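Next come two complexes built around chain A: one with chain B, the other with chain C.
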Partner chain A sequence: MPKLVDRVKPLKNRKRKKLSAEGRWGFLMVSPYLIQFVVFLSFPLAASLYFSFSKYDMLNAPKWIGVENYTTLIQDPVFHKALWNTFYFTILFVPAQTILALVLAVALNQSLKGLKFFRIAHFIPVICSWTVVLYVADAILNPRFGLANTILVKLGNNPQPWLSDEALIIPVLVAVAVWKGVGYMMIIFLAGLQNVPEDLYEAAEIEGAGVWKKFRHVTVPLISGTTFLVLVLTTITTFQSFEQIYVMTSHLGDVTSAGGPNNASMVLMLYLFQQGFSFLKMGYASAIAWVLFIILFGITMIQLKLQKKWVYYEK
Partner chain B sequence: MKYSQKFGLLLLLSLILAFSMAGCSNESDADSENSDEQVEIKLGYYSSGSADEKMEELIDQFEEKHPNIKVTTQNAPYSQFFQKLDTQIAGNNAPDVWLSDGVLVSKYAERGAAKDVTGWIERDLNKDEYYGLDFNKDASGKYFAVPQGIQIGALFYNKDMFDEAGVDYPDDTWTWDQLQETAAQLTIDANGKRATDDGFNSEAVNQYGMTFFNITEGWMPVLKSFGGGVLDEELKNSVIDSEENKKAMEWIVDGMQKGVLTDPSDLQSFQSPMSPFPSGTAAMRIGIYARVLAANETGINYDVTVLPKGPDGKRFAPVIANSWIVNNNSSDEKAEAAWEWVKFWVTEDEVQKEWAELGEAVPVKKSVANSDLFLNSGDNTINKQAFLDSFEFAGTLDTNAVWSEWLQKFNDNINRAFLNETSIEEALQQADKEVKKVLDDFYKE
Partner chain C sequence: MFNRSKKRKAISYTVILFSSLLMLTPLVSAALNSLKSYKEYTAIPVQWIPNPFQWQNYIEVWKMTSMDTYAWNSFIVTVLSVIGALLSCSMVAYAFARLEFPFKNSLFVMVLGTLMIPPVVMIIPQFMIFNQLGLVDTLVPLWILEWLAQPFGVFLMRQAFLAIPKEYDEAAKLDGCNPFQTFVKVYLPMCKPQLATLTIFTFMTKWNEIMAPVIYLSSEDKFTLPIGILSMSGAWFGQEQYLVAAALMSLLPILIVFLFAEKYFVKGASSSGLK
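Up next, the complex of A and B:
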C-alpha cells in the first residue's frame, strides 16, 4: 500500500500545481469582492456581534457585559412596541404592495398606445427621495390644508390628524409607502409577465378560459417565481424600513420626535438608529440589530420552505 | 489542497490589511515629524448657509496671523456632522477642534472626548469679559468648552397684532398669567371671534396668541420660572414630579385647551414648528436670538422683550451656548494649536465683529455685544438689549450627558398631557419614572 501511494504522489502533485495556478487566478479575479467582503462586511459583522455583548458608547472602548443588553431588550417596553409596529407595518404593507403591483403590471402589460407613459408615471415615485415625497404627502395629509381633510370636511366628516394620531399613523405610513414603492415591484412583475409564452394563453382560450381563468391558471403559476422574489424582497426591505418613518414622523425637523406620536410609529430600525447614534448606546443598538437579523433570517427561511408548495419553476 | 489555498488567501488578505494599516500609521508619523515647524489641525463645524463663507474667511485670517498653523476643515449639515463626528471619535480621527451644539457639550465632556480647558481659560481669558463661559462648566468647576456664539431666549411679539387688538405691548413687568390673558385677546378663530368672545371656536384657530414648541421655546422657560425644572443642581437626578412643575403644566395645558397656545398637533399644519410667528400666524413666541433672522426675512413688524416672571417673581431665560471643543485625544501640540484658534475666535474684536454681522448669535465678547454694531445693526432695529439683559437670569436646558435621551422620554409623556390623552399628574409621574431610569443607567454603574 505505501509503495503505491508513493508512486502516485508525483502525478497528484502535478495536478495540484495546475489547479492552484488556476485557483490563484480565480482568487485574484474575485479578490476585489473578497477584500471588500472581509473588510466591510465580515469584520463589522463580527464587531457588532461583540458590541452586542458589551457596553459601548463609541467614544470609549467597549466593556464586556455578557447578555445584559439582550435581557434589557426583553424587558424594554419601547422595544416591544417597535417589534409589534414592525410586524404590523409589514403585515399591512407586503400584501398591499404585492397585489397592487401585480394588478398594475397586468394592466400595463397590454399592447396599447400610451402605456409607456403610465409605466413611467407609476415609476416616478420610486426615484423620488423621501424628503420630496414628504412634501407631496403633506399636500394630502396636512391636518388643516391637506386634500384628505378638505374632502372629509366637504362630506360632513371630522378632519383627522393623520400623522399625529396613534391609531392612524401606521396605516397612513403604509399607504404612502405603497404609493412610493409599488412602481418598482410593478417593473419586476412586468418582466415576469413578458416571459409568459403567448401560446399558453391561446391554448387556454381554445379550452374556453375567460380573462379571470387565464389569469388564475396561466399567469399566476407562471410568474410565481417572480412573485416569490417580490415577496422576499419586500419583506426584507419592510423590516429594515427607516428613512420614510424618520423623515415623515420627525415633526418637520425635530428629530427627537421621530417614531412618534408616543412611539406609535417606532420601528426596529429607527429604534436601533436612535439608541446607537442619537443616544450613543452602540452595544444596545447592536443587540437590536442581531435580533432583527434572527427574525429576518427566520422569516426568509420559512418563505423558502413554503415556496416549494406554490412556486413553479420551468425546468 | 483547498485548505492550503484558503490559508494562502487568508494570508494575502491579512497582508493587505496589515499594509493598509501600516500605510495609515506611516502617514501620521510623517505628520508629527514635520510638525516641529508647522502644525496642521483639523477644524470641524456644522454648516449654516451663509455663515460658511464667513467661517472660511476667518480661518484664512487666522492662518495669516499664525503662519505655523495650518487649518484643514471638515463641515457638513447639522445631523450628518454629529453622526460623522461620533464615528470619528470612535476611530480616533476626529477634528482637533470642533463646533458643538451647546446642548451636546456635556455629551462629549462627560464621556471624556472633550479636553479640559480650565487651565487655558484661566491663563488666557479674563472671564468677566465674556458671556456664557459658565454654561459649559461642570459641577466640579471645570470648563470643557468655550462659547462660539450664544443663543438666549426672549419674548418676541408682533406689534401689528397688538395694535389691532388694542392691547399694550409686553414689558419686563409681565407675569406668565398676564401673558396668557393678553394672548387670549390676540387669539382669533376662523369666524373672526377672539378667545375672549362668546362662541369662540378653539378647534379652528386662525391666529394664535402664542406659539409654543418643545423645550427651549416651549415648556422649559415656563417650568423654570414657576420654580420647577427637570434635573437637580447636580444634573444627575430628576425633580420632575413637583408641585411647581404641576402648576406650570396647568398653565400650559390650560392655554392649549383654550386654543391660545399651539399644541403639538396644531403645529403639524405648519411647514415647520418654527414658522407660526414669522409667518404672522401667532402674536407671540418664546424665541432664541437666531429667530430674529426668520422674523426679519418675512418682514413682520415685531419687537422683543424679556420673558415674563413666574408666580413668585422668578425669571428664566433658556441658553444654548454653541461652543468650541478641543479634542481630548489630540496630541499636545495640536491641542495647543487648536486652543490658539479658540482664543483667536473669542478675543479678537475683529473676528467677533465680523461674526456678529451675520446676526446668527449673540457675540461672546461682552464689549462687542454691547456695542452699536450688535445692538443697532440691520434695518429692523429691535430691542436687542433684551437679550443681553436676559443673561442675568439665564440658565441651560438641564443639559447633561444623556440630554437627548431624557428629553425624548420627557416629551413623549408631557405631549400626551398637552393633547389631553392623560392627566398632568400622570404625565409627570411617568416622565419622572422614565427619566430617572435614563439617568440611573448612565450615572449609577
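Up next, the complex of A and C:
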C-alpha cells in the first residue's frame, strides 16, 4: 500500500496544472459575457435589492430604512391602481393576441396565392416604433376626424373619446398592442405549425373530421408546446410594458401626463419610471421593481404547474 | 374531400383578407394624412384623399426640425449596436459551442438564468453605473451592452455553430489555426444566414428603442428618432400632418430593409419562439 503522501502528490500536481490552451481561449472568448454578467447583471441585481430597503436619490449615498419602502407601497393608492391596471392589461392582451395569432397562422399555413403579401401585411406593424404607431393610430382614433368615430357616427352611434376616456383607455391600448404584435406571434405559430405532420390531418379527414375538429384535436394539441412558450414569454414582457403606454398616453409630448387620464392607464413600469427618474426616489422605485419581479416569478411558476394539464408532449 | 379543402381555402382567404385590411388601413390612412394640408387633415366630413398631394410636407419637416440630428444619432446607435452584437454574440457562442473550458456548463446555465430575470430590476443600478462613469446623456449606454453578448444572439449563433460538423475544427487545427482563427476563418463564413438574422433583429430593436433613450438622454441634440419626434409634438400642435410625415419618415429605412430581407425577419421571429 502506498504511503498517504504519495497519494496526495498527484492531486497537488493537478491543482497546479495550468489551464490548457483551449481553456484559455475559451475564457477569453466568453469574456464579454462574463463582464456583462458581473458588472451589468449580478451587481445591479444585488444593488437594486439593497436600494429597495434604502432611501436613495442618486445625489446622496443610499440610507438603509428597512422595509419602509414596502410598507409605503402597500398603502399607496396609485401603486394599487398601477398593479390593477397591469393585471387588467395583461389579462386582456395576452389571450386576445394569442388566439388571433393562432387563427391567422392556421389560415396562412397552406399554399395560398399571395402568401408573401399577407405575411408582409401582418408584419409591418411589428417593425414600427411606438412613435410611428402613435401617429398611425391617430388616423383611426382621433376623436374628431379619426376613422373609428367616422364609422360610429355613420352607424348612428355617439363618437367616443378613445384615448382620453378612463374606462376605454386600457381596452383601446390593448387593441393597438394586438394590432402591432399579432404578426410577430403569428410567425412563431407558423413555424410551430410547420412541424405538425401532414399525415395526421389526412388521417383525421379519413375519419370524417371537419375544419373545426381537425383544429381542435390535431392542431391545438400538437402546437401546445409552442403556445405554452409564447404565453410565458408574452406574459413576462406584457407585465413590463412601458414604451407603448408612455408614448400613447403622453398628450402633445407632455410626458408628465403619461398614465392618464387620472391614472387610468398607469402601469407598474410607468410608475417605477416616474418615481425613479422623475422624482429621483430610486429606493422606492427599486421596491416597485422587486414587487414586479416577485409577482412575475409567481405567475411563471403557476404557468409551469398548469402546463402539465394542457401541454401535450410527444412521447 | 375536394370540396372540403376548397371550403377551407375559402374560409382562410376571408379571414386573412379581412385581417390584412385591418392591418393596412391605419397605415394607409396615416400615409394619406401625412400628405394633406392642415385644413384637409382636420376637415369634417373627412377628406380621405389629399388634393393635391403635399409631398413637400416631408421636405419641410426635415428642414424645419432637428430630424437630421435625430436620424444621425439613431444611425450611430444602431450601427454600433449591430457591430457589437455580431462580434460579441458569435464569439461567445463559438466558445460555448466548440471549446472546452472549466465551468462551461454552469456558465451556460447562467446565460439561461439571466433570461428569467426581468430587466426592470436592473434598470436603476445600471443607470447608476453609467452615471458614475459620466456617460449619462451620451449615446454610449444605448449601444455598449450589445458589445457584451446579449443572450438572444448567443443562443441563435450557438445553434448555428452546433450544426456544423466537428471535422472542420480538426482540419483547421491541423493547419495550425488557433481557436480564434478557426472561429473567424471557418465558422463565421458558414453562418451568414444567422448573422443576417442577428443584424436585422438588432437593427429593428435599436432603431425603434424608446425606453433606454428616455432614461439616458436629456439634451435634445442627443435624441434618437423615436423620442425626438415625440418631443416635437408639443411645438407642432396644429400642424400634425408634419408629425405624421416625420414618423413615417423614421419608418422608411427599416421598411426598405424589411421588404428586401423579409425572410430574415421571419427567421428571427420564429427562432425567438422555438428555443
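The rule is simple: the second predicted complex is superposed on the first by the 282 of 315 C-alpha atoms of A that agree within 3 Å, B and C clash if a C-alpha of one lies under 4 Å from a C-alpha of the other, contacts with A are read in each partner's own complex, and residues count from 1 in each chain.
Throughout what follows, contacts are C-beta pairs under 8 Å (C-beta built on N, C-alpha and C of every residue); 3 or more make two chains touch, one makes a residue touch a chain.
All values derive from a computational prediction rather than experimental measurement.
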Superposition on chain A - do chain B and chain C clash or fit: clash
First, second, both or neither for A:279, with chain B first and chain C second: first
Which of chain B and chain C A:119 touches, first, second, both or neither: second
Touched partner set for A:23, first chain B, second chain C, both or neither: both
Contacts of A:41 with chain B and chain C, given as first, second, both or neither: second
Partner chain(s) touched by A:197 [first = chain B, second = chain C, both, neither]: neither
Contacts of A:33 with chain B and chain C, given as first, second, both or neither: second
Partner chain(s) touched by A:57 [first = chain B, second = chain C, both, neither]: first
Partner chain in contact with A:95 - chain B first, chain C second, else both or neither: neither
Dominant toucher of chain A (residue count), chain B or chain C: C
Partner chain in contact with A:145 - chain B first, chain C second, else both or neither: both
Against chain C, colliding segment of chain B, chosen among 26-34, 62-70 or 80-88: 80-88
Contact residues common to both interfaces of chain A (with chain B and with chain C): 19-20, 23, 27, 34-35, 39, 58, 144-145, 252-255, 277
List of chain A residues in touch with chain B within their complex: 16, 19-20, 23, 27, 31, 34-35, 38-39, 57-60, 142-145, 161, 163-164, 251-257, 260-263, 274, 277-280
Contacting residues of chain C [partner chain A, same complex]: 1, 4, 7-9, 11-13, 15-16, 19-20, 22-27, 29-30, 32-33, 41-46, 88, 91-92, 94-96, 99-102, 104, 107, 110-111, 114, 116-129, 131, 145, 147-150, 154, 178-180, 183, 204, 207-211, 214-215, 225-227, 229-234, 237, 240, 243-244, 247-248, 250-251, 254-255, 258-259, 262, 265-266, 269-270, 272-275
Residue ranges of chain A touching chain C (in the complex, touch as defined): 19-30, 32-37, 39-41, 43-45, 47-48, 51, 58, 100, 103-104, 106-108, 110, 112, 116-132, 134-140, 144-145, 147, 150, 179, 183-185, 187-188, 190-192, 205, 210-211, 226, 229-230, 233, 236, 239-240, 242-243, 246-247, 250, 252-255, 269, 272-273, 276-277, 282, 285-286, 289-290, 292-293, 296, 300
Chain B to chain A touching residues, read off their complex: 1, 4-5, 9, 12-13, 16-17, 79, 83, 86-87, 89-90, 107-108, 111-113, 214, 264-265, 267-274, 402, 404-405, 407-408, 411-412, 415-416, 419, 421
